[in-house]
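Read through the structures below before going on.
Two complexes come next, and they have one chain in common, chain A, joined by chain B in the first and chain C in the second.
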Partner chain A sequence: MYRPGGGLLHRTPAGPKLLTVMALALAISLAPASPWLLAGAAALVLGGYLLTGLGLPELGRQLWGLRWLVLVMLVPQAVFLSLPAAAVNVTRVVVVVLLAALVTLTTRTEDLIDAIARALGPLRRFRVNPNRIALMLSMTITTVPVIAGFATQVREAQRARGVPVQPLAFVVPLLVMALKHSDDLADALTARGID
Partner chain B sequence: MERRRPLDMRDVTRIVVFAAILAVLGIPGAISVFGGAVPITAQTLGVMLAGAVLGRWRGAAAVTLFLALVLAGMPLLSGGRGGAGVFVGPSAGFLFGWIAGAFVVGAICRIGSRQPTWWRTALGCFIGGALTVYAVGIPVQSLVTRLPLGETAVSSAVFLPGDLLKVVIATAVAMALWRAYPRAFGAETAAAPRPPAARPKTDASVR
Partner chain C sequence: MSTDLHFENVSVEFAGRAVLRDLSLKLDERRIAVIGSNGSGKSTFARMLNGLVTPTRGEVRVHGIDPARQPKQVRRRVGFVFSNPDAQIIMPTVAEDVAFSLRGQGLSRTEIQARVTAALDRFGLTEHADAPAQTLSGGQKQLLALCAVLIREPGLVVADEPTAYLDAANSRRIARFLLDEMPQQLVIVTHDPRLAVRCDVALRFEEGVLVDRGDPAAVVARYEEEQL
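Up next is the complex of A and B:
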């Protein structure tokens, strides 16, 4: 999702960028409908994509990624509202989503995670330890492949026995293996004095 | 009521592991119903299970942790979606609804922090995992897409059969897990009588 680059948006720090873009996206999303506002927002998004140095091909790729969203949104809108209103609404949502996607395109996941963990700093007042949240975020990233491995293991074990894979016979063993892994992980962390 | 106690390392890793399970349930083909004839996204199933197994606070924490990683740009939602865009799109409310949903599932499943029963789990999964998620998701969707509330609700009704199926699966999974690995449910249920030992037929741990 992240595309490396050296443009202005890539160099802007993650936290302020996320906040600014999300506030803008929210404002456009909730502002009263006006063709001028929509045109201005579209120009802003176009300018943003040109500013990243990734240019129009990336904008095209992002638009293509939204084709299902457009389709799913357009059908009920066209049925219940008039076609022009539907077009305006779909355009606004696409513009807003493309705007927010600028953050993801120009910021490394690690930087965003650091920014999120830092933003939670004031929670210290409520006896929540921000360092622990940062630890949980990075632990989750390393745990996803482990659990995905368990899922493959369960599926292969059932295929080997010729049992058709049913949801119940898949999820229960997956959960037992995952939660046993969780206890092992806790023991390992406690043994290393991380608390 | 669930006893408030500080998080120990076991809770931390349980929350982490459930956030990872939510991610794995988004991988296409993770779950196949009727031999793969009906493709269902299993992530709401994960939300129901997080609440039912971890309880309200820890369940909501696991969903929040998962969504924080999605916000940070990891493509963990089903269909490989992720990034800041999904939090301003039409389905943003459903994502926030997951947090509230897991909380409500946990609150109903653990009333009196007794041992889970199938009817309380089913009720919790339905009210929390389906109704609460709709209650947050549909108004937000209506706000974002400017389609009036009633019409949005009608067009969201297509998800109801799938969600009812997930309520059934989540309840069956939670009850089977209670028999197979009661420790998973955490220290709050330690006072509850342990379930009868799982029959060998349950086949809980495939190693």
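Up next is the complex of A and C:
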């Protein structure tokens, strides 16, 4: 989510930032595993967060937010591969996610939408509307905390009735709430003149 | 521009079930309250005003525009505030959500920025401009929804139970804005008799039929008497 600021990355246009992060993500994902790769990637992330002007506390917040992802990825790989291999793979993913977060932290969503819509412009000849795809992406960002809120409501409703949390009894009401929300959002878009 | 809301023999059916029956009505009051029991057809009535629902039979004219045939024109003219503030936030941050309402109107970035800044100031949301919209309180979200509607400068605002999710203080704040401060024509669907009596006219629907219309205090009194 965007954080206001005046650092170098805030002043850089959305398009070049997106392209740079995509190139870096590709390079980090495809490069052969080595200690140099990990050290270079860590330095890149550190430098990037210092350039935002948001500093190390923001990097810490982002890392803390990834704790469950790290756990879910690290444990099975450590069991079935080896700990060093698991650490390298997980580090690659964490670095890519942290780099992507640099873009969203320093770019207003409307600038991101415009950049994505411009990049997808050539798809118009295939009757794809780039503005719709860009809008869909920004609405996805908006909707993530809403769906998380629904999940909390369902869990609390089950706990209030003393029902143990079961996957099916959790997923079905969550899906119903998400679908209802998507209907409401469609109405809100229509009411605001977006068809 | 006319401020008439005109319904001529309008019926609405969903899956063969009539939710609004043979409604003929002409209104030009500035503040119009719509009351009635749950499922009485009042939200359907409100939704027809900006084309979210189209009549199965009959004809609707909103300020001279037919919402079924000219949906884009009517949505430029009519703003809609839903009861659930969470479901009307489109963009991630407060300022972006308000700015979203001005997209596609041929305004420059500077103009959009200036209008958004002024609108946020008017609604007391300036300090939240760059905050994630979903982190606002319920009252602030509803103010954001109103702000996003009014920045388009509609001639008519339709509010479907706008205080349903709010506490007493926030309800008063939203009601004061809608009923006392906002210059636009207003259609407000509400279960709150205190809001209804502050309007210029009240309509009451039951089972899809307009059963009462007139002075809000009298319409509300008859409704409450029947509910006892």
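Couple of notes before you dig in:
Throughout what follows, the second predicted complex is superposed on the first by the 123 of 195 C-alpha atoms of A that agree within 3 Å, B and C clash if a C-alpha of one lies under 4 Å from a C-alpha of the other, contacts with A are read in each partner's own complex, and residues count from 1 in each chain.
Assume a contact is a pair of C-beta atoms (placed from the backbone, for glycine too) under 8 Å apart; a residue touches a chain by one contact, two chains touch by 3 or more.
Here the structure is a predicted model, which means the values were calculated and not measured.
Put chain B and chain C next to each other and count what each touches on chain A; the higher total goes to B. When the shared chain is aligned, no partner comes close enough to touch A:159: not chain B, not chain C.
Applying the stated contact rule after C-alpha superposition, one finds that A:96 touches chain B and leaves chain C untouched. Of the two partner chains placed around the shared chain by superposition, chain B and chain C are both touched by A:139. Look at A:124: by the touch rule set out above, it reaches neither chain B nor chain C. In the superposition on chain A, contact of A:185 is made with both chain B and chain C.
Applying the stated contact rule after C-alpha superposition, one finds that A:175 touches chain B and leaves chain C untouched.
Of the two partner chains placed by the overlay, only chain C lies in contact with A:3; chain B stays clear of it. Once the two complexes are laid over each other on the shared chain, residue contacts for A:193 go to chain C alone; chain B is not touched.
Judged by the touch definition given at the top, the superposed model places A:61 against neither chain B nor chain C. Looking at chain A, you'll find residues 1-2, 108-109, 139, 141, 146, 181, 185, 189-190, 195 touch chain B in one structure and chain C in the other. Listing the residues of chain A that touch chain C in their complex gives 1-4, 108-110, 138-139, 141-142, 145-146, 149, 181, 184-185, 187-193, 195.
Residues 50-52, 71-72, 75-76, 79-80, 82, 84, 86-93, 96, 99-101, 104, 130, 132-135, 148-149, 152 of chain C are the ones that touch chain A when the two sit in their complex. Considering their complex, residues 7-10, 12-21, 23-24, 27, 30-33, 35, 42, 45, 49, 53, 65-66, 68-69, 71-76, 82-90, 143-148, 151-152, 154-155, 169, 172-173, 176-177, 180-181, 183-184, 202-207 of chain B touch chain A. Within the complex, the chain A residues that touch chain B are 1-2, 18, 21-22, 25-26, 29-30, 33, 69, 73, 75-77, 80-81, 85, 89, 92-93, 96-101, 103-104, 107-109, 112-113, 116, 132, 135-137, 139-141, 143-144, 146-148, 151, 153-154, 157-158, 164-165, 167-183, 185-186, 189-190, 194-195.
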